[in-house]
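Down below are the structures I want you to see.
Both complexes shown next keep chain A, but they swap its partner, so chain B is in the first and chain C is in the second.
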Partner chain A sequence: MDYVLELQDVSKTYGHGRTAVKANDRVNLQIQPGEIVLIMGPSGSGKTTLLSMAGLLLSTSSGIICVLGEQIDHASASHRAHMRLKTLGFVFQSYNLMESLTAIENVELVMNMAGVRGSRAKERARELLAMLGLGERLDHKPADLSGGEKQRVAIARALANDPPLILADEPTGNLDSKTGQEVMELLCCGLGRDQGRSIVIVTHDHRLRSIADRVLWLEDGQLSETDGNYLPEMT
Partner chain B sequence: MFKLAWRNLLHERARLIISVGGVALAVMLILLMAGIFAGSEEHAVAYIKRQPADLWLMQDGVENLHMSSSLLPPQVVEDVRGIAGVYQAVGLLYSTGAVDLGETEVYSYIFAVEKGAPFGGPWDLMEGAGSPGIDEVILDSDLAARYGLGLGDTVDLLGKQLRIAGLSEGTFGIATSITFVNKQTLAGLMGVPPDAASYVLIRPESDADRVQVADRLKEAIPEANLMTREAFVASDQEMIRQMGADVIRAMNSVAYVVGLLVIALTVYTATVERAREYGVLKAIGADTALLMRVVAAQAFISSGFGFLVGIPLAYGIGALITTLLPEMLIVIEPDNLLGQVPVLLAITAAASLLPLGRIIRLDPMTVFKG
Partner chain C sequence: MSVPLVRRNLFHEGGKLILSVSGVGAALALILLLLGFRQGLYATLTAFADNIGADLIVAQDGVKGILSSDSAVPMAIHDDSVRLSGAEEAGHILLADIIFTQNDAKTPVLLVGYEPETTFGAPWELGDGRFLQADDEIMLDTWLAKRSDLQVGDRAEVLGESFSVVGLTRGTSSWMSPYIFITLPAAEQALALHGLVSFHLLRLPDSANTSQSIRSIENQIPGVQALTPEDIADADRRVMATVMDTPLNVMLAIGSVIGAAVMGLTSYTSIIDHKREYGVLKAIGAGGWWLNWLVARETLFRAVSGFVLGAGFAFLAAEAIMTLWPQFNIVIQTKDLVLTAALTLLMTVPAALLPMQRLKRIDPVEVFQA
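And now, the complex of A and B:
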């Protein structure tokens, strides 16, 4: 069976010559359907770089990336954009919602982009937001929502096109720990694993280990498995 | 995408007002300029249009009232009257010259018909005599009022002192006015016989076939040019249009450039300010074409509203100008209005291309920055 996401010997070097920074060094990673994987590591170890390449937002220096069994690292920009829209969902530390749109419109937007329009899009957006506990906040703009609420809207947006893989970079970074925990449980349990979705989360937040199937450690650009109990000291 | 464009616009009210206002001003400017030219064109053919003469006879080779000089031999008017189907014929002497009002001189179209002519004089008389006697003049009432002149005062025309005998209306244009004088007086000033005519204004009998009358006239007086009123009006309008075309084109270009700059600038700043959001859209799967559609939609919505606001603005300001300055006849033609649409569309499309470079260079990696 195909992995949802597979990285083979992926490296990334920023810049060149004396200022070159090797952010990722021959990283190998396989994500199974329905698997929730946490990637932890000290600041500057290359976590965001790794997630950006997996998310088809950043080109690799070397190595192979496959999404749903399709090698994608050398695909055209428009094909990669299409893959991002249809098969990947993104959740960011800073929510990144459209300020001029309401909660429900933010969710509808990505469905419209994927060709789903009208009442079908609206219904699904409403349903997703209701499942995330925002049934009463559909018509609020981001400026009128709390951080936790904004992140839940962002999660609804990431799920809108029903992608098999969600990538999250520090999704709880701007939330207090209790809110962060709640939001991530919503994403991972009800809407993630139970629906066969895979989720890769980059985080500094140790509490999230409890919801993960696997915890990986990235340090100096190199990825290693941990047993989930012992983790090296965080910086 | 249209919704996002719309919401982005509404989210920045001040900018929306500036861009809609800018386009509206440009549209208003264009319509007013064209309206002023159309108005002066209308003023220039007002005399011809107001006369009940269906046919105009003039010197061979002449096809206009303006910028041309026509002189017919004295007996021609009588010849015309003798032709079957002709109801009335009026010999008109026409010249141009400056009316010296003391403080200033006003360029004037000068008309003179013989005493007792059934038509050819002022069509809307406000005060005084409708037919000027020797050394008398009928001036426009707004023009006279502006310089404190009234019945009985004298003005200087073509070097001669003339007494104001009547005041007419609807005879004041930008930089020109229509003036009526005694035919004998004008003939003396022009150095032509008093019964000579520049043009003969012909009114056929109401039941006569105009084409037949015209044919008979052409046959009887082959050495002159005969035109229908419609053809004569069209020929003068065409000439005036050509004279004004370059000026209009220059003015419109300026207005268009203003409109272009306003739209381009607001679309560009709107894009730059939302660069992060567009970067987010790019990250979650939007391609450049889709982002450009959002930008273009914003530009087209702004200029569309600008156009819609510009039209009533032009009519309103036009009416205000005409009230304050009676000589400014402003005629806004629906044809001209619609003619602006393709130009505006082209300008808007051009303006929305300005942020293209920014959109292409957008770095979706900004989504990872806190």
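And now, the complex of A and C:
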């Protein structure tokens, strides 16, 4: 079976010789279509490194990464950029919206980058933002939006090119608990699982366990499966 | 239609945009003003030769120009010059570099003694008053008159002789040395030169063969040569070019470097300011070419806006300078505008390359760091 994302024995080491630090050690991970996976672990456990490699932003030291069955870890920078644009959506803790653009333009932009322009891009952006409850805030710039609204714009942007996989890094980190829960339910249920989209979430937020299909624990660079009910200390 | 990211980025911080465009505009205005200054310099430099009214100028042998060398030829060759050239009209002028002193202000001037009854060597643009009619009258360059606090009707002293100011002339300031005009007899008297003039001026009939006339004069009158006004103007231009072109070209190069540096720095600063946003774009999947094209368009916008602003400012500044300091003539020609526009486009290349290199080094992984 073709996984949406597959990591085989992926390792990442920073530095050389005696100063070398192993951030991820022979990590294996398979994400199925429509699956929602939570990756948790203490600070410094290698979560961001793992997400960066899965997001084709960081090269591996060893191992294989496949996206939609295509081995991509040694692809050229331009091919990896193309794959990120077409098959991956990113949601960041600090939203990372373009401050000079309005909400709708932030969403349209990634479609423009993928070659979708004009009314087609605008209509899809409008539709996505309306689904996320921002139909009345289309022309507002990020500075005029609340944290929850910004994260919803970021989610719309991640979904704009209809990618099969979303990678989210601490998506509720800057949101209050109620807003965080609302945003994640929208992303994971309405726009994720229901549409066959896979979502990998790196988080410290225990409350998100309820919406995940699987919870993985990353510690000392090694990934292990948990049942989600018992988690070691997050310190 | 795509999201106008370039426009949005540029106008998001209006203050920075104004500053950067102004910086580019100032550098380009400097370049245009220098080009205009050089053009104006040459225009005024050759104005006398261009307006001398003669087809042939008989000068002392070896003399190339009016401003670059002194000429003295005997008045006695008048008849031979006319006969040999077949001229239909002839006149004479006497030129001398002197110091004009008025109200303790000393100004180096070019004294022109001409014959008012002919049309040769007279001022070509009257600003105020009238032309000379008598030997005790003088016409002054407008700027010189203003500097010397003289008006039509006042009296001015030249080389110990007193003259009545009857006219003020325009376009008669050859770079820093303005012209004053008196009659030829008055000039002979003031300079104590009798039987000598600087140049014989000849007007040939339409049917005349200029080359033949030149050969006849030079072959048959010893110690003289015949030149056209164009020869004179070219010689004066060449002399001035050897003096002025190098420093002007250096200043133009400096202006170009400043312009490119301002453009490059503002683009570079913009990349640094928006480093995170560019990192996000890279993370999302923006390719190198797409991002470089973004930087190129932003740089180009600043350059083109700077050019428009700079050109407008240069024209206004030129007018202001010529009003405040009439001795300066600034002529901004279409070809200078085209040259500066081409230079502007050329400057965007190094100005865009530096920020592109910086952009290349932005690591998209940084976007995961909150």
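Keep in mind that, in the parts below, the second predicted complex is superposed on the first by the 235 of 235 C-alpha atoms of A that agree within 3 Å, B and C clash if a C-alpha of one lies under 4 Å from a C-alpha of the other, contacts with A are read in each partner's own complex, and residues count from 1 in each chain.
By definition in this document, contacts are C-beta pairs under 8 Å (C-beta built on N, C-alpha and C of every residue); 3 or more make two chains touch, one makes a residue touch a chain.
Nothing here was measured: the structure is a model prediction, and the numbers come from that model.
Asks: Assess the superposed three-chain arrangement around chain A: do chain B and chain C clash, or do they fit?
Replies: Aligned on chain A, chain B and chain C clash with each other.
Asks: Regarding the shared-chain residue A:197, is it in contact with chain B (first), chain C (second), both, or neither?
Replies: Neither partner.
Asks: Counting only touches as set out at the top, which of chain B and chain C does A:137 meet: first, second, both, neither?
Replies: Once the two structures are laid over each other on A, A:137 reaches no partner at all.
Asks: A:118 contacts which: chain B (first), chain C (second), both, neither?
Replies: second
Asks: State which residues of chain A lie in both footprints, the one left by chain B and the one left by chain C.
Replies: In chain A, residues 48, 51-52, 55, 57-58, 77-78, 81-86, 88, 90, 92-94, 96, 98-101, 105, 109-110, 112-114, 157, 169, 173-174 are touched by chain B and also by chain C.
Asks: Please give the residue numbers of chain A that touch chain B in the complex, ascending.
Replies: Against chain B, chain A makes touches at 48, 51-52, 55, 57-58, 77-78, 81-86, 88, 90, 92-94, 96, 98-101, 105, 109-110, 112-114, 157, 169, 173-174.
Asks: Along chain C, where are the residues that touch chain A in the complex?
Replies: My answer: residues 1-3, 5, 8-9, 11-12, 276-277, 280-288, 290, 364-365, 367-370.
Asks: What part of chain A is in contact with chain C in the complex they form?
Replies: My answer: residues 48, 51-52, 55, 57-58, 77-78, 81-86, 88, 90, 92-94, 96, 98-101, 105, 108-110, 112-114, 117-118, 157, 169-170, 173-174.
Asks: Please output the residues of chain B touching chain A within their complex, sorted ascending.
Replies: Where chain B meets chain A, its residues are 1, 3-4, 7-8, 10-11, 276-277, 280-287, 290, 364-365, 367-370.
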